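Here is the structure we will look at, set down as structure tokens.
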């Protein structure tokens, strides 16, 4: 019974179907009919004009999106625990040509207007320091917490005031929307670009970069090609993304994942490091307790000395989740 | 009847099967069982130790391979018409951090020891010029021509003498091997790294970088991650590559593609710009003749004022190829 | 008697005086009184608003100027023999983060609207090719030839039509103005940025980047700092540049240099590869003739198999120049 | 009475003399007689083979030195308050092509084996994290404190154990040596490269990169050129550096600067944030006390809410230093 990662989830059958259906002659790269559908589909989803481009990974999505906002001599404010800071092997430094991540604090891996302001107010010495040019946040955060609409609006007034681009890493955006139970546009808030995750949510190898500043799309297309991310059979990536959107499969999958996490959480309330909001749980646990669970066939990552991380996904068996909840309760 | 590009070819059924079979829980990134098989499979194929890593595109394969050989202040000798020079939107400049392509001439988009030497002998002014650090050739070339074993050996004595890395862009390596009808190791010659193409040959979105200098594998793994090319469900890329190798599917596909091209070529001999060797043909043709063919339902790219390009692939219908041959003969 | 390079020229006494005068306490970097004078002085010189920043070398000046115009995925059209292509060890690739130089032809190392158009018209394949974003020309050219005002206007209508930035490498701008005997603004034409050379013209280690698009100055200041070119005692660079402008010393020096070259040229007319315009001459000469000159104590660079290069400077002794002219005439 | 910065110090008369003496014809770039003397002079100074190259700024020196040790996907461990992190506008990100600074803690801006180990021990997740490839320390530190020989040896055993390059930013290396009153080699410890500062110590615009791994010199020469830091009249930079070394002028200057700081410190002991070791003092002071000093004609930077920074230099008038000490004592 595996609670290691939503990256380990199987590909959803409807995505397989969509990919098979895409296996007909069409023009290469992103000139095929499916790829050309993306802009309209995401514009409809968010209720405002946007451009959407597929890429294979979240790292590429994040970095390409940021490359539309940040110059090589600039900086990106993000949380100290953000994926772009912690887990991407310096990819932002590569894609942004040496631009710097400027680290902000905040509970639950969420930045706040205060913590962002603190970073910005430390930039006072002109050309001797990297100027902030963007804010990047993660929805839901690395700790599995979700920004509320008013929090996004508050951050956006900061980015507006300072002329910063606003980027959202939405590797688990679906789970955030499912939790908030609100229109996607509200969960995205007034960001300029969103990395719309699919892989953790039942995809195979496709994410979408959604640009609400559509004028940036051409720049991003060049950058995508230049990064070796313009796949010649891009129709298979487009097919995955479109299938995700079809009949809100993305939300159904996210609800299933969140639901499985809730089944665990309800039996482990007193051990939770953060309230359960999405499909990630951080559970306080001793070393010996971890061994007990592993002996019962549960697999998961140690997060730190005090806690483990549990991740569910669209195909997590609710019985497994319940069993894990029980097992924790019995510890 | 489509002769535009082998990028437009469908995915081979055995790759679909392999991907479906890979859709079982495994560890993420490249730690899964399939990805871990690649080194051994390619070592067996080439009869010498090598490390093999999947990536989604040929551009990424080429650039990551070169990044193991070339420093930011260095240069890569390649043909003036090479894909890395002409078609990758400056990707080598991105991946190699500003390193320069140093352009060599040669008939049929193949460099020669003479043309490479000419480039090297022009580098005489010390730090004022970019030093050559690698040679990159394309097997088969942009003009559809294949380097023979002795040509590769001759180039390798140059790269040895000058301490250059030696890279082969093998987007159509399969077609070259099928044409040469020799062991893969002979068609690769003494290169240090090979971009082993699958996508044009029936793949969906996977190529392999084969490193004969296995010590470079760790560097390449970091660079792949940093470029956003470490897919979290990498098992699906590994599955494609392994299925290609299984029972030499890659060679069967390439033979089919080359064979279809031969069917056209035999009726168009006097119009061929280069002898037909692989699945690409360049055929001299007037504007009005092109229109005639297009009226008959054949699609293809104009190459230049004097000629068109025809590309076949593993699934090209031989009847279509014969029909095109006839149509050309009738012009 | 040395005709190797204007880089070998001594520093002009008035620059020494100005540097000594600058050796008084002032604020560091470019906040001192002298540095703050540059904008106004160059605005007066060119009769339009500009921002001017000192840097130590022409390579830095060229690359920083181009960095205000060209994105990492873009390209710079320049002559095949331009200094940025031939002599800067890939510095544009470094400063522009992998952007590409797109090479144009033209007699005497000067591009023409036709040769630039030819490069631009070859960019047809969208994201697969690097888009041109700037044109960089050298005034006077690598062959010692000067663009006339109408030539600059013609090139500017091209850059305007294609939305390109327009940069002028003016390492020998002074010599061009002295030759044209026109207002500096006319010799600069409608460029967006000019690398205003001082070092070859009697400076020690200071050039100026002149930005006619003053809004780019802030970006350039950050880039200069980031490149390690913001010297903490910048007042000594400002002092050099200002002393050059004072009483048109720059033009007096350039006239002296050009005049010395003319003294040679008038005795070597039939051997000149190009007409003499500035302080550089290319003179056809056999190997044995070169030896004869060297035996008489003249030093110079071999340019190619057919010709030598002769360079004069502000301090070249006219008697030496006459002597060299005589010696060539006697050959 | 100015205590703002040693960057504001005048150029030492002996450097002026040396530069004037260098104003004779010689070959350009770093091929002149003076530049070619540097290796031998620094080898003698440090008692071991080294290569030494001039550059105009400390930022360039630091970044070029690090570029011999760190790949674009690598990281540099340094103190959280290091100049390369705080004051160089992201220059390491530019020169190292996106490599990351990995921040260590430590009192008085000095890292310790423990704080460095802590950073290293956090790098556990393979390709998902940037690997450390170098350690960079500042001698003397940003807080004006000096690493002792045994501290350097302890750090070097860490860098050895982890295969890291070891770099020392010696913008105030002279002041450290003067304080330690030991051979320069002892104050440099077993580092691989040293940025040997001159500008703050009476120079005009020259520092030296000293490479104890002489095999890196060629790489650094290319990188220097590529960064636009190979000045064509490099003899003037070499002249400054050589004049500094002549008769240990560098140490005499540093002793004078340190001595002036000591004069202040002895009257301000109870207010010192750190013990006075070199020519920088951090003195606790209220806002109103600062105003009192400024009213008496002393200028200095506010460091933070609790303290001011005072910097002396080779030409600081001891009477001014004494006066400031008195004024502080009177507060």
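Just so it is clear, A, B, C and D label the chains in written order, and each chain counts residues from 1 on its own.
Just so it is clear, a residue touches a chain if its C-beta (ideal position, glycine included) is under 8 Å from a C-beta of that chain, and two chains touch if they have at least 3 such contacts.
The shown structure was predicted, so the numbers you read here are calculated from the model rather than taken from an experiment.
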Most widely separated chain from subunit C, with each centre as the mean of CA atoms: A
Pair joined by the larger number of C-beta contacts - A-C, A-B: A-B
Averaged-CA centre spacing for the pair subunit C and subunit A, given as whole angstrom: 49
Inter-centroid spacing, subunit C versus subunit B (mean Cα positions, whole Å): 42
Chain centre separation in whole Å, for subunit B relative to subunit A (CA means): 34
Junction residues of subunit B, two or more chains touched: 29, 72-73, 88-90, 94, 97-98, 127-128, 222, 225-226, 230
Residue numbers on subunit D that touch subunit C, as the complex places them: 2, 4-5, 7-8, 10-11, 16, 19-20, 23-29, 55-57, 59-61, 63, 88-91, 94-95, 199-200, 204-205, 222, 225-233, 236-237
Complex contact set, residues of subunit C against subunit B: 72-73, 75, 86-90, 92-94, 96-100, 125, 127-130
Of all residues in subunit D, those that touch subunit B in their complex: 29, 71-73, 97-98, 126-128, 131, 219, 221-226, 230
